[in-house]
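Look for subunit A in each of the two complexes below; its partner is subunit B in the first and subunit C in the second.
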Partner chain A sequence: MRDTGRDRAGLLWVLPALGFYACFVLYPLTQTARYSLYDWNGIGEATWVGLRNYLTVLTDPTLRDSVVHALVLILFFTVIPVSISLLAVATMGRLRTGAFVSAARTVLFLPQIIPLVGAAIIWTWMYSDQGAVNQVLRAVGLSALARPWLADFGTALAAVGLIGSWVSTGFCFVLLMVGAGKIDPALYEAARLDGANAAQEFRHITLPALRNEIGVAATITTIAALSSFDIVYVSTGGGPGFSTMVPGVQIIRLAFTTGEVGLSSALAIVLLALVLAVVLPMQVSNRKARP
Partner chain B sequence: MNRGIQLRERVILGAMMAISIVPFVGVLFTSLHPQGIVPEGISWPASPQWGNYLDAWSIGNIGELLWSSTLIVLAVVPVGVLVCTMAGFALGHLRTPGRALISTLFLAGLAVPFESAIVPLYYQAEALGTLNTRWAIILPMIGLLAPFGVFWMSAHFRGVPSAISEAARMDGADTIRLFLHVHLPLALPAISTLALLQFISTWNQFLVASVLVDDPGMRTMAGALGAFQGEHRTDVVLLCAGAVTIMLPTVLLFLFLQRRFVTALLAGAVK
Partner chain C sequence: MATSPNIPRRTALGALLALPAASALSACGAPGSGPATTAPRPIGTELPGEPTTLTMRANADQAPLWEALGSAFEHAHPQITVELVTEDFAALQQNGPRYLASQDAPDLLRFPSPGDAVADGLLLPLQPYAEAYGWEDFPETQLNQWRIAADGYTRGEGDLYGLGIGFALVGLYTNTTALDELGLPLPASLEAMAEAMAAATEAGLTALVASQAGLSNILQNLMQATAAEQVSDWVLGKPGATIEGPETEAAAATLLDWRDRGYLAPDVLAVDDAAALSAFTGGQGLFYVQGSWMAAAVDQTATDIDVSFTVVPGTGPDSAPTATSAPNSFVIPANAEHPDVAAAFLNWASTDPEARDLLVATAGLLPGGPVEPEPTLASEGALADAAAAFTAVSAADRFVDFLANASAGMLTGTLQPQIDLLIDGQSDPATFLSRLQEDVERERA
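Let's turn to the complex of A and B:
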């Protein structure tokens, strides 16, 4: 039994947080939904257009591509960091604690601590014509590959995505490393006695034991990928052309630069639906995986 | 054999650390070249220009920015943490009617991209007259951070045995006293973690700051960094010096409190 009595009083305790949440998140969301049904430039008269803005989001190649780009970013923000981290954790085996390991945790967290704007500035310089990436390529005799990575239509999206990989990998790795540290060593010894090889150990012990951590890392980084804004806005602004345009940047551009508030809002609702559609199944399977 | 495993661990950890740290080293080196030139890759300058940092400090108005970010954080974090702790107490411990529904409502907010609310927030700030003031950042940030805060604090309060409250009730404590004298002291570790997480989210907030406030001097550090980049993108050296200066307070605080930071971020993720 929890605390009894004073039932209604509990609502008073929730009220301040609920008030802020309702005023600055829930109410604005209903406004976004309302704007999305109008043709409105933000200043003049708004005209009711029903679902036409949604039709535009789904059919206009630029807008549709921005949604596709957000999905592509999941590969860079989530799949690559989680795979690298899993590989590293599996190769390292059980980790001891010590000065080196705690120094590693600190260093690996640095990209996570600085603002994403900072990460974008650092990498904009790294990717530039005379930047470190091309410097390395020229040094190893691959100068033919050197290019301004963020200005090249073919490489810009991958280059932006890799900034996200750089930011998330340390976080995913430390998360999985801490999780792996909690696995009972007796499990590995038993497996070894049964003649299991490293790959079998990984599949049957490490991977199942880390399911919860993997789920958490995947959920957080996927939300970051789909709703990415800072990195793209600062490094490319969505260009060259629209080759790195993502919904987050497009929402701001449509609302404040081209004066298409209705269309911007429809895209914002589509983005919200997309995040929920991708994250909810992940959460459900996470909860199921828990003991 | 043991030594072999240790060496392998060190190599892997070392490689991952290098990937994290090299870009920082690159920016640091670049920031010390003479202004106006474009250095070739990562290279240590012939004569390091430490004066670039003085220029970046005055050109970027870093002192003013630090003050502005501090004001914003000082408003967001105490209020945010207080309202989330109260709500967490009611949802996780008291028998509040409808608490399952209210908890789900907050939980859903964890998946809301800020971009989905930002355009109405702009018109709202315009109507409230807070546009281009720090309030335009402060008030929405408290709301936007509430879902995680409430979720985090309810998880803490659900873990507190109800026998503790029953004993206090027996001694005649009302809900306010129960909260202040019994539960608040017990919740301090969870509260300080939440405060740290809200601090990072606010200090590093870019979208809300840059959409709702035009003057970089009234924004958060991240918002100001974006503006600095916009103005000085052609002078790579000065840009790097500015970026280092703006990021330095966060990095120093992180190194100072690193154990707490890492634990807080990991705990915040796993709950």
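Let's turn to the complex of A and C:
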């Protein structure tokens, strides 16, 4: 009987959060799934179309390409930041704490506290024809490379992606730094006594110890890449042409600009499935690898 | 209880999780609702005697104009208070249908393009007001963008559902200082314009200054030279209208030819409106195709060059003056509380001499409606030229709505990306036009 009472009390405590979750996540999710089966402008009468919206998402080249762009962004939002952070953590772990290390930490973390919209605006200026990036290139004699980075079909997606790298590196770095702080220094000492070099220490101590943190960082940044919206919307709006269009921007456009709520909902459901398809295997392998 | 202590928790949890599922099931019918059928109500052209508040929602970038008009209207009719709310234009465009559908809809809403609003029964028909106030006598091409047929979608004919306050037209700004140096007169035909551009390119000028966003205006003017009716019918969604055809394809090919001859800046896709304006007013270019909404800014910043504004020439000197133009359209929601006051405001803003002067003085816009009374204008400069051009096109009744207004998603979803692809050489004129056609058909379907 005492257990029941405690269960009830426990339930009471989670009830508010669960209520909000049901109200603002589960309910809208069911509604999105429902809308995705209709041709609806958001206000007037809706027409049942079954799975036709899903067929459009999978066959329309612009919508399909936007999904491909989101996958490319994983390289910039996840692979690059995690690699840089690992390198930084390994390097700083070998340095004595001091002014340099704390300055480096601050610099790496700074982008994380800037709102994404702000980051996108800053970078839009820096990438512009007369912006900082081109000024530097011209100053070092590489003016042949200078170009309007965000307006060039060949460079726009990578340029947008690098804004994402700049933002997520701070997050990945802090996460890995905390993880590295928990590694017993004695392990490094023992390795050094055995004659291990920096690369071996990294390979056999740091990397295995940070497996969980890497998993978390990779999961969160991958979700950010696949569902990216702010940076693309502000910096390019999906252009030039459709070269940086991503599902996040497309969903808003379809729902609120062109009034295709059904198609927009179908794309949102497909994006949800895509995120789960990419992230779940990462989670599972991360859990399996846990000692 | 003792045997299954967990039941209450499970039940409660289950109930909680079932809530959204159940509401989803119960709401499994089609979302949304059809238009409400309302009986036509009598209209009045007399303002109420008692204190009344007119609520108005408009775009923030023109807030000074709406404020000036609001206070002038209050001054003329002391019992009326104009309550103005402004917001970012893009947000206003996106939220428009939701404001119209809301229970406390404003009395007047700045609403750029009808979209589905008439079919959804969200707009008050203005036809009775148009007849009572005499708007029917305004030039027809100022009104046809807001005439909507009984099917709720086809524009260009039928009842009136919106009225513009202040017009702007796209035209050709010419750096006459540079043109004089080249020893050439103002071009009277597209051919003469091309010759002048060749000479300007030779002289090291950017022959045709444009921003990425402005490219569609150049293209539309090229199309209008030979296919104005086709373009207009297509934008208005007349049955069977198409943007594809030999004339429009030739127009797009001409734009590419101009690009190949170096008349456009090589990085034109990276040029924004502000950069284009400063390149032109700084004297780096010869021509600049842009809206008259920039005329006041051009007059202010072009201190070292003389500038004229004309309608973009047609195929020959005798071509009827034609211009792309759209009003600052306002609609009265079907749910509006004071539709009569809103209509009186619209009428006042188009016909009252003070309001007409305010449009020019505050926003550089040209009053539509009757040609008289003429607004007060500076004697020279781009803005004065624009007013003369507007009057000439009004007289010929040859305004064409923007390609961008063909559908709600046309500008951002189709026109701008497709022009990028066309100018970058990844698309060709025929493909470009078929994409425009496909997207409009999909959106209207």
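By our rule, the second predicted complex is superposed on the first by the 259 of 291 C-alpha atoms of A that agree within 3 Å, B and C clash if a C-alpha of one lies under 4 Å from a C-alpha of the other, contacts with A are read in each partner's own complex, and residues count from 1 in each chain.
Keep in mind that, in the parts below, a residue touches a chain if its C-beta (ideal position, glycine included) is under 8 Å from a C-beta of that chain, and two chains touch if they have at least 3 such contacts.
Quick caveat, the model's predicted, so the values are computed rather than measured.
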Which of subunit B and subunit C A:31 touches, first, second, both or neither: both
Contacts of A:40 with subunit B and subunit C, given as first, second, both or neither: second
First, second, both or neither for A:257, with subunit B first and subunit C second: second
Which superposed partner A:18 touches (first subunit B, second subunit C, both, neither): both
Which of subunit B and subunit C A:8 touches, first, second, both or neither: both
First (subunit B), second (subunit C), both or neither touched by A:194: neither
Subunit B versus subunit C as contact partner of A:238, first or second or both or neither: second
Most subunit A residues touched (candidates subunit B, subunit C): B
Set of subunit A residues, in rising order, touched by both subunit B and subunit C: 1, 3-4, 7-8, 10-11, 18, 22-23, 26-27, 29, 31, 35, 128, 256
Footprint of subunit A on subunit C - complex, ascending: 1-2, 5-6, 8-9, 12-13, 16-17, 19-21, 23-24, 27-28, 30-35, 93-95, 97-98, 101, 115-116, 119-120, 122, 212, 267, 269-270, 407-409, 412-413, 416-418, 420-421, 424, 426, 443
Complex interface listing, subunit B residues touching subunit A: 5-6, 8-10, 12-13, 16-17, 19-24, 26-27, 30, 38-42, 82-84, 86-87, 89-91, 93-99, 102, 105-106, 109, 111-124, 139-140, 142-144, 146-147, 149-150, 162, 165-166, 169, 175, 178, 200, 203-204, 206-207, 211, 221-222, 225-226, 229, 236, 239-240, 243, 246-247, 250-251, 254-255, 258-259, 261-262, 265-266, 269-270
Subunit C-facing residues of subunit A, complex: 1, 3-4, 7-8, 10-11, 15, 18-19, 22-23, 26-27, 29-31, 33-35, 38, 40-48, 128-129, 147-148, 150-153, 237-242, 245, 253-254, 256-260
Sites on subunit A touched by subunit B in the complex: 1-14, 16-18, 20-29, 31-32, 35, 88, 91-93, 95-96, 100-118, 121-123, 125-126, 128, 130-132, 134-136, 166, 169-171, 173-175, 178, 212-213, 216-217, 220, 223, 226-227, 229-230, 233-234, 247-248, 251-252, 255-256, 261, 264-265, 268-269, 271-272, 275-276, 279-280
